[in-house]
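You will see chain A twice below: alongside chain B first, and alongside chain C after that.
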Partner chain A sequence: MEKLRERAAAILADGTVSLVIGYEEGTKRPRPLFCHDGESARKLIFDSRCFHNLAVYLTKKELVGNGRFAVTATISTLRSIMQLYVENQLSEDKLLILTVDLSGTLREFVTFDEISAYVEQFELKRSEREQAILTRIEGMTREERWNFWQEEMSHCFKCYACRSACPLCYCTKCVVEVNRPQWINPWPAPVANMEWHINRAMHMVGRCTACGACGDACPVGIPIDLITRKMMEDMAPEFGYIPGLPVKKGNALSTWKLDDREQFIR
Partner chain B sequence: MSSEEIFEPKIVAFVCNWCTYAGADLTGTSRLKYATNVKIVRFPCTGRIDFLLLLKSFAQGADGIIVSGCHPNDCHYTSGNFHARRRWIAFRSILDMMGVDVRRVQYSWVSAAEGSKWADLVNNTVADIRALGPYTDYQKVADYLEKEVQDGEA
Partner chain C sequence: METKYISKSGIEQWFKSIVDSGKRVYAPVNSRDQIEFKRVKNLSEVADEYVQTTQSIKASVYPKAEVLFSYEKEHGKVHLTDFNPDSIPETVLWKVHPCDAAGFKPLSAIFNWDSPDKLHNAHVQKTSVISFSCAMADESCFCTSVNGSPGNLAGSDIQLTMLPDGGAIAEIVTPKGEALVALSPTVFEADKGEDKTKYLVDLPARFSLEEVNAKLNKAFNSTVWKEQSERCIGCGACAFVCPTCACFDIQEDVHGSTGRRIRCWDACGFGLFTLHTSGHNPREHQSQRWRQRLLHKFSYMPARLNVVGCTGCGRCSRACPVDMNILEHITSIAEQ
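Let's turn to the complex of A and B:
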């Protein structure tokens, strides 16, 4: 951790970067910290309690400016960053990535390939919480699943925290802000809530890296991250990708194969 | 509805302009009879058929949906149907996860020369949906739309 602080202060001091995005101690758990000088870099921390996906800030021009910037990244954040590279939202000459691995060694990445080689060592597994809820959902009949989600969705009041927390929801104009036509009713209501969440999942097909930021951000605790999580696991064998490992050749829905599955097409 | 009346499902068909719409036209010009439950919506391409349109039709009272377009490799725009097919695979998986009845959405390829296939497709889908009954699950949660209830007031 000390090395991370020193390195962050050094790159800020010599002008390599103008900003380091990292974590500092928060009230209950670490919170994001924006360091513009060596002074604030001393507050940096990095440990297993760091959960926020800092990749969400990287596409916000008003935050990161035009210069070079650095970010301290967890494995989830690295996955999101890779996906953002694939979608041409980040450029390798603008971003410097700092991370501390399990043995406490400071690592630095610049290129997509370096990140990819590092992330490949970590398999994306369901967490205990995800495993518990998904096993429950998988054991349900269709009607039970419908009732389960209707009950969960009834708490949703459309704050769109899920959208704000997601590093891959970077559209400047979202479908819910379009009102000609009004695709999804803006007020919270059963159908409108469900349409929003189905819509969100559809826009994440082959892109979601299962960082869990959306579910974590939900103020009423709807396990919305599991919709995209399950979809991602289902789609991996269909479209032949490894969950959490973006590939440069394009996203699931922007490419196609001649022999995609079609037993359900009559 | 009294018990002796047969349930007539409402079915919306989203079809592409170049194959299935022309195919449905051929069914008519060939004087083939088919179920009248279907309302056809014409699109430039299956690639244009947004998944939200399907959800909207359920919300507005459709009991079943047909989505149909050109056979693979026959797309007027080369690859619209390939992109659409991928989207359907993903959409089916998400709908299933959310507990929406995926049996009510029938996908098909019907070319401009397959007038009789279109008739069969509609007849079979109507029979299937009739067996499943009205989609009350969805209509129940969507009924506030019809009543135009907003902020708790009608």
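Let's turn to the complex of A and C:
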């Protein structure tokens, strides 16, 4: 950790970057920290308690400006960064990635391929919580699943924390912010809640890297992350993807090729 | 105000008499690993041993979405159906914390600041509040710093302070409270002279409102807003769990020749909240929206409505996905 602090302070001091986004101790658990100088870099921490996906900040121009910046990245954050590279939302010459590997060694990455080589070592597994809820849901009939999600979504009050915490929800104007025309009724109500969550899920298919940030952020405890996670798991084998590992050739549902024979259409 | 004693069995009997009177009773219930206010019929449904509900009771007097009026166009004429205050049922809120009960005053001050708000006032009029003083608190609680206390009576019609024997000290504060007592008058016994403060959690004040106010009056252009808000992701969790946040949106729900005009919750933390039709946004950045949130609660409301817009319930700090801790932020401003 001391090496991370020293390195962060050094790259801030020599002008390599103008900002390091990392973690500091929060009031209950670690939280995101924005370091603009060596002084604040002394507060940096990086351990297994750091769970926020800091990739969410990397596409916010008002925060990162136009210069080069650095981020301390967990495996989840790295997966998101790769996805953002695939979607041309980040450029390799603007971002320096710092992480600490399992042996405690400070690692630095710049390119998609460097991150990819590192992340490939880590298999994306369901956590105990994910396994428990997903097993329950997988054991349900279609009607039971619908009822389960209807009940869960009925608690949604549309604070959009799920969207705000998601690194891949970077649209400058989200579908719920388009009000001419108003696609989705903005008040919380059974149908309007479903419309929002189905929209969100559909926008995530083939893109979600299962970091779980949306579920962590939900103040009313909806396991919202499991919808996009399950979709990712289901579609990965269909398209020859490895779950949670973005591929350079593009997203399954947002690429279009002239030579695609589309044999499934009859 | 009158103080009485009510035994454990007396509480059970009284609760039943309130439910039997036909009033809707809402109380904290443990469901889906969260404590939330829900409609209850039995005392056994009510949650125990928790510090705070995730959401406040705000929705009981300021619903998440409410129809202001509905209309129907027919042969060039418009038939309006206005909001009917008599449609609101009598409601009793059971086991409200004093910080929630104290939230009614700032909410009502906002809704009535220029002209009386028929909807909000109808809800308030039909709602009775039975608060329970607090024997527990956590690190997010700070009611004592914002004119409150674990035994504060503001906004309560009756307050119960639980005693070790399972009974309670009952402070009957308002005529509404007396009407609730009248549902089961025999269970309210003579006051046993117990000292209420013995049963309240000790929660020292963390900052002085006057100091904070003085600092905030000069802080509009301070760099503190940007520093504090960098990690804020701009969701509405803090506003929606807050007992006093009252930002709303007016929406039209039109289907052919009929429609409804709806008032629904909104949040000053959302970029869309202040976006003008022209495309200009006076609060373009999250730091400006964060400044608005704090200044509205701790500067504008005290100055214009003579009430602080925060009751120290700590919900925003608990709900925030990125640990935007209001107590920490206000304390750091006070200490600057």
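As a convention for this text, the second predicted complex is superposed on the first by the 254 of 266 C-alpha atoms of A that agree within 3 Å, B and C clash if a C-alpha of one lies under 4 Å from a C-alpha of the other, contacts with A are read in each partner's own complex, and residues count from 1 in each chain.
We adopt the following convention: a residue touches a chain if its C-beta (ideal position, glycine included) is under 8 Å from a C-beta of that chain, and two chains touch if they have at least 3 such contacts.
All values reported here derive from a predicted model rather than from experimental measurement.
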{"item": "When both partners are placed on the shared chain, which of chain B and chain C touches more of chain A", "value": "B"}
{"item": "Which of chain B and chain C A:Arg31 touches, first, second, both or neither", "value": "second"}
{"item": "First (chain B), second (chain C), both or neither touched by A:Ile198", "value": "first"}
{"item": "Which of chain B and chain C A:Gly240 touches, first, second, both or neither", "value": "neither"}
{"item": "Partner chain in contact with A:Phe264 - chain B first, chain C second, else both or neither", "value": "first"}
{"item": "Which of chain B and chain C A:Gly250 touches, first, second, both or neither", "value": "neither"}
{"item": "Contacts of A:Pro219 with chain B and chain C, given as first, second, both or neither", "value": "second"}
{"item": "Which superposed partner A:Gly104 touches (first chain B, second chain C, both, neither)", "value": "neither"}
{"item": "First, second, both or neither for A:Gly65, with chain B first and chain C second", "value": "neither"}
{"item": "First (chain B), second (chain C), both or neither touched by A:Glu143", "value": "first"}
{"item": "Chain A positions touched by chain B in one structure and by chain C in the second", "value": "185, 187, 189"}
{"item": "Residues of chain C touching chain A in the complex", "value": "32-34, 54-55, 64-65, 139-140, 230-231, 233-237, 239-241, 249, 251, 253, 262, 264-267, 270-272, 285-286, 317, 319, 321-323, 325, 328"}
{"item": "Residues of chain B that touch chain A when the two form their complex", "value": "51-52, 55, 59, 72-73, 79, 82-83, 85-101, 106-109, 121, 124, 137-138, 141-142, 144-145, 150-151"}
{"item": "Contacting residues of chain A [partner chain C, same complex]", "value": "26-29, 31-34, 52, 56-57, 62-63, 152, 155, 157-161, 163-165, 177, 179, 182, 185-189, 213, 216-217, 219-221"}
{"item": "Touch list for chain A against partner chain B, complex", "value": "137, 140, 142-150, 175, 183-185, 187, 189-191, 194-195, 197-199, 201-202, 205-206, 227, 230-231, 234-235, 238-239, 252-258, 260-262, 264-266"}
